[in-house]
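Please go over the structures that come below.
The two complexes that follow have chain A in common; it is paired with chain B in the first and with chain C in the second.
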Partner chain A sequence: MFASIISYGLAVGAVYALIGITYNVMFSASRVFSFTAGMLGMLGGVLGALFIKDWGINAVLGFVAVLACGAVLGLVTEILTVRPVLKNIEQHLYVLSTLAFALMIQQVTAIEYGTEAYPFPVLIPIDANSILAIVDQKFWLPVLACIVTIVGLEFLYRRTLIGRAFLAIAEDSYAARALGLPETRLRMASYALAGVIGTLAGFTGAQMLLAFIGNQPILNFYGFVPVALGGMGSNRGAVIGGLALGLFQQAANFLVGGIFAAVAVFAVFIVVLLLRPEGLAGASAARRV
Partner chain B sequence: MTDTTASTPARAGATSWLGKLEGKISWILLGLAGLALPLLDDSYIGVIAQRACIYWVLSAGLNLVVGYAGQIAIGWVSMLTLGAYTTAALAAGRVGAEWNPYLALAAGGVMGAIFGVIVGLPALRLRTFYFAMTTLGFATIVTQVALAWKDVTGGGVGTPGPTFPWPFEPGWGFYYFCFILAAVATWMTANIGSSRYGRALVAIRDAEVAAEASGIAKPKLLIMVFLLAGALGGVAGGLFASLQSYITPDAFTFEMSVLFFIAILIGGRGSILGPVLGTIILTALPEFAAPLVQWSTFLYAVLLLAIVLLVPGGIADLLDFKNRRPLTQHREIVPRTELLKRALDKTDGKHSIVLKDIALHFGGVRAIDGLDLEIRSGEVHGLIGPNGSGKTTTLNVISGYYRPKTGTMKLDGADMPFDQPHARASYRIARTFQTPRIVGAASVLENVMIGGTVHGQATFTEAMLSLPRNRRDEKLLRQAAMQALATVGLESLADVRADRLQHSELRFIEIARALMLRPAFLMLDEPAAGLSTEEIKRLGALIKAISREGTGVLLVEHHADLIFDICDRVTVLNLGKELAAGTPAEIRAHREVVSAYLGA
Partner chain C sequence: MSIKRRTVLTGSAAGVVSLTSGLAAPAIAQSDPIKIGYLPALTGPSSSTGVGINRGTQLAVEEINKAGGIKGRKIELITRDTQSDPTKAVNAVAELTQRAKASMIWGPVNSGEALAATPLIARDKVPMLHPCWVDELIDVKKYPMAFRIAPTNTQVGGGANHYVVDVLKLKKVAVVSDTTGYGTASANTYVPMLKAKGAEVVYTNHVDAANPDLKPELLRMQSAGAQAIMPWSVNAGFLSRILNTRGAMGWDVPVVGQTTLGSGQTKALLEKPENWNKVYSNNFRNCCYVNGKLPPRAADYVERLKKEKIEFADTLLWWVALGWDGAFMMADALKNAGTKNEDIVAYMNKVKDWPGIYGTVTWTPEQHNGFPDQEVVMCEVNSLRDGAFNIAPGYSS
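Let's turn to the complex of A and B:
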């Protein structure tokens, strides 16, 4: 039982962490929390199952195609739902515009693909005797995806010019624009990147979570919890929070049952928001008057 | 100009009988249609009407949360779920003995109220996305619990809904039950909307800082609203369970929330009638266009996106013809200082605010660095200095937005707490802002009335039921606001939407709003910025007259002429410290001030 708590918990936690990073990447570029994060996670699974299982596309090509769809959806999100409302960001209309877009996609998926949970194909043929088979791939795939994403983002942000430009926008978009950085193009790139990360989370987690439309609200919420707890914009907080959330949830699931787990997570979420609105690791907000 | 001044006060003061009827005619028609519906004798239409009424019971409360307070509660369907399961489980005897269905329905309302507040808690400190996410998360969790808690909810199999006995038995009896509850919900929320609580909610939505300065305590008010909205959601849930006759977790999809939400947004924020119509239309539409049913949520989402991007104000804005009429060009603001005697209490005796050794840092920046300052009643105290010298920061310390690191602040010798900006109104300390903080969507009169919120006596419940005390409050506030507007010379614009005014007029509206407190102290943050020379002169006369009525005025300004014209004493700040203090004549002769700041 202990082993399944750990493996299942870390795997689910890695998916939550990746969705949290998806939120963060979009937030850093635009100060916008987008409801499309959970949608991307859901689509990663659904599109993967559709391409590979239903259409019989090769797993690698299917994987690339899913991520490409994620990138395109990220761009559409930026152009259609974020850019038009950025001018009056203090009205927070992005909450509604991104929610509306996410719902549209969800409904189309429901009608065209179905509302049942469908199994996701095994991606990597592994010999049962091999070392890799000690832990099922459905558990280590999301963890691997999470590690690759963090290392990749770290490299992008610290070592490349475009990554530094991302950071500059996140720090102070006004000053960054004054420096001549192409803010709009960088924002679009960030949203495309978020699309890739979000679908990656869904794709690698789908052997466990299935290709299921109901994953959208669940990932939306449980992916946001680590961000809220770890401080918005902090990827480190999202990863630590995501893994902790996954482990806690599975432990509670096994030991005391699912109702308690759901209620406990919600209670912790509200209490932390009340006591430390800026997150456990975040800095407090700026002046108001 | 002249004819508008003459006619408008009469119009705003006493609405004619015909005008009142005109405002109510749509309600009367709606009510008659609702009462007469059973005459059609079509049970299919009856079911749709029941559903519309039930949805509206929930939306009525949600309208206060979303439309008025601007809190984005996207998952309010959870209250419907809670109410439905509570009512159904109690009535079916799944918890203890079988309850009377009416009692079970009331219990559903109580349950909704409790969880409405719990879900709303994060909104008291945080706005927008966090709160939206909390409501979404709660909706997800309630469904999960409903699935897992089989003893009470029946899990995925579900549980039968309650059947109400006489007089509201299934059929048209139940329809009348829903209709009556919808009407009561409308009446209650409309009462709140038009009371000072409704104005306070809108102020929190559009001008939160100004709301606090007017003494509006956001947490207290929001808790009341969440309580009411949760209770209405719970009651709607109980009715919904009865309508469905059998409930499973599938019945409460997140998409239902979207319907409630869009109904409110289509109708327009801060309106009651608009969202009612929105709910009726959205409930009925898919029923009459069967092929649409499958796509209805998709269409709602498209509609939501279209509204947000194209008409954020909703239909109410599109239909607001009154505010399309052009305003008079070349308006002049002519304050009537002789009216001040009635607007302010002539303060007897001397009052003072004394700041001692105040220091405040922002990170490494010393915004204020050991400042002493005394503001006395009956005097205009000027606070000048270059940009970044700490003028506005000082003002923000006094009005409670910043907590200084060291120092004391005393009002008439007694310690005044730092923080708590909303508590300043009870000390009768009023202020204006560097950029006017006005509720653009509200009328000028309503904006000014917000300033008098703390003078109201009626409780939230009294306002909800429109009891005599609330009506008296309204009358007094309206009179006082008209008087304050007349004092600053803007009474002709009382009925105009505030966002149609020009900048200088907004500055005078802020002063009128501040006067509503009958302030012992008035703090003005660059009131002359953006005004013409003529307007500055009139502003100066007004400020001077206010101080002569006994109010202590703290004036932060850059216009040296205005300062030296009307101030009794002047403090010059530089880098958060006092550079000089004294009478205008002394300051004008002060060598350092002249070289550092005044020039010449």
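Let's turn to the complex of A and C:
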């Protein structure tokens, strides 16, 4: 039981954390909560199964193609659903535009690919007797993807000029633009990056979650929880929040089971937000008076 | 009395009218095709059943028309694809009943569309035949012209319960469903039925179908002493996870439930082919192999279809048989009762032991559910060949 809680909890938690990071990367660049994160996760699984299993493309090329599709979708999201509503961001129209775009893509997937859950291929052929087979790849792949992503993002944001430029627009886009930073191009790059991370989450988690359009609303919601728990814009918070959510959810599955497990997750979520509205890792924002 | 010109003209005009209406009308009626409205879901997410039923229906209508139709009149099947969408079904109903003046309606073949369309067809007073299972579709007071040629959901659940409790003689049962309307409604209906049969339901729960790990649920069932698992869901992902977890736990307990357990989608998601052993899904006695052979009616039917090069590789025998039976049942009603709606209903109310390929149908004025309980059986899901399955072990043949 304990092993099952840890393995499933960490794996699902890593997928939630990556979806949380997807939200954050888009949020940092535009102050917009784009509800396309779950869609990207769902497509990571569906496109991966389509390319590798149905079309017979080699796993590595399939993986690259899925991430490329994610990047393109990220760009399309920015151009079609975010840019037109940025001027009146206080009206929160992005909720409608991003959600509508995500639902459209989900419907197209349902029509073209199907509404059933489909199997996702085993990506890495591992001999059953080798040391790597002790823990199934469906558990360690999303965790590995999460580690690589968070290390990569930390490196990008702290050590590179372009990363610092990202941070600059996240802090104050007006000032950044005044300093001559190409805000629009940087925002587009952020959305492409978010597309890559979102599809990566879905792709690496798909051996566990299957290639299934029903994953979209679940990832949209459970990926948002770590962002709210960890503090908006905080990737470290999202990782801690995501892993904690996965472990807690799996423990609740064992302890109470059935629909009560979902109720337990919601209950903890609400209690945490009541106690710390800014999130566990977020700093409370000082209001200018 | 003088005969005026006007009187003569009026009289002869009346004579001409009475002559034409008395003589010409039957002549037109006899050559006209008889229209049957048909509402299959041929595209969209729940279309595999519709495509199978359609194959049987089209073949039957072709055969009836080749043999001279109904008293010399051909059947014209007016097909409107509902695209698995209740709104489209509702629009098609208006067209079929009001503009096309169909004599009977076959379908819709999916429950969601049938629930939306039935009240409208009843309002327009057109006799209809249902191939779907939802209990609410048949109500002799609300829909006196609706008849069902298939089992109800209650019969389907009852068939599974009968197999577990009476045939396998297992008394401790775990019932699990997903959280959809179908899943929860099925589990909530079948659990009291199981208890009424004397079984002990040691575990029951509704689980989110997207939950990737069902081990906690199965461990709970195992520790409660369950001797059989009865999952109610049409979600292949959910069902395959139950089967894979059961396999990984090495737990040798039968899984008994709905037809999706035996679908190709579920099979594709199995981690090992052995995980499909000891899994029994709903099926129908006339369309199952008993000791390697189909019952005589179905065997003759399959032989005939094979001669016409009809293959069952991508569909199921019971779907095709159901489509075939529906068309022949309507043709029988139209042949014996004509095309007036009251006459058709009066005829169908008296149908007794009608020998279909799919089922033996009996209706009475009080009961328009025509499928017999004893023909709802379970089959071995891993035994599919030529569109049919082996009957599950334990039934007397």
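FYI, the second predicted complex is superposed on the first by the 283 of 289 C-alpha atoms of A that agree within 3 Å, B and C clash if a C-alpha of one lies under 4 Å from a C-alpha of the other, contacts with A are read in each partner's own complex, and residues count from 1 in each chain.
In this section, contacts are C-beta pairs under 8 Å (C-beta built on N, C-alpha and C of every residue); 3 or more make two chains touch, one makes a residue touch a chain.
What you see is a predicted model, and the numbers here were worked out from it, not measured in a lab.
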Using the superposition on chain A, decide if chain B and chain C clash or fit. clash
In the overlay, answer first, second, both or neither for which of chain B and chain C A:His92 touches. first
Taking the superposition on A as described, I'd like to know which of chain B and chain C A:Ala262 touches: first, second, both or neither. both
Mind working out whether A:Thr22 is in touch with chain B, chain C, both or neither, as first, second, both or neither? neither
After lining up the shared chain so the two structures overlap, which partner does A:Ser234 touch, if you call chain B first and chain C second: first, second, both or neither? neither
Who wins on chain A residues touched, chain B or chain C? B
Kindly classify A:Thr199 by the partners it touches after superposition: chain B alone (first), chain C alone (second), both, or neither? neither
Which partner chains sit in contact with A:Val12 here, chain B, chain C, both or neither? Use first/second/both/neither. second
Which of chain B and chain C A:Thr36 touches, first, second, both or neither: neither
First (chain B), second (chain C), both or neither: which does A:Pro119 touch? second
Just chain B (first), just chain C (second), both, or neither: which does A:Gln107 touch? first
Chain A residues where the chain B and chain C footprints coincide 218, 257-259, 262
State the interface residues of chain B toward chain A in the complex, per the touch definition above. 72, 74, 118, 121-122, 124-130, 132-134, 136-141, 144-145, 148-149, 209, 254-255, 258, 261, 265, 294-295, 297-298, 300-302, 304-305, 308-309, 312, 362, 392, 396, 401-402, 433
Per the contact definition, I'd like the list of chain A residues that touch chain C in the complex. 1, 4, 8, 12, 110, 114-119, 208-210, 212, 214-215, 218, 250, 253-254, 257-259, 261-262
Chain B partner, complex, touching residues on chain A are 33, 80-81, 84-85, 91-93, 95-97, 99-101, 103-104, 107-108, 111, 217-218, 220-221, 224-225, 228, 257-259, 262-263, 265-266, 269-270, 273-274, 277, 287-289
For the chain C and chain A complex, residues of the former touching the latter: 45, 179, 205-213, 215-217, 219-220, 235-237, 240, 265, 268-269
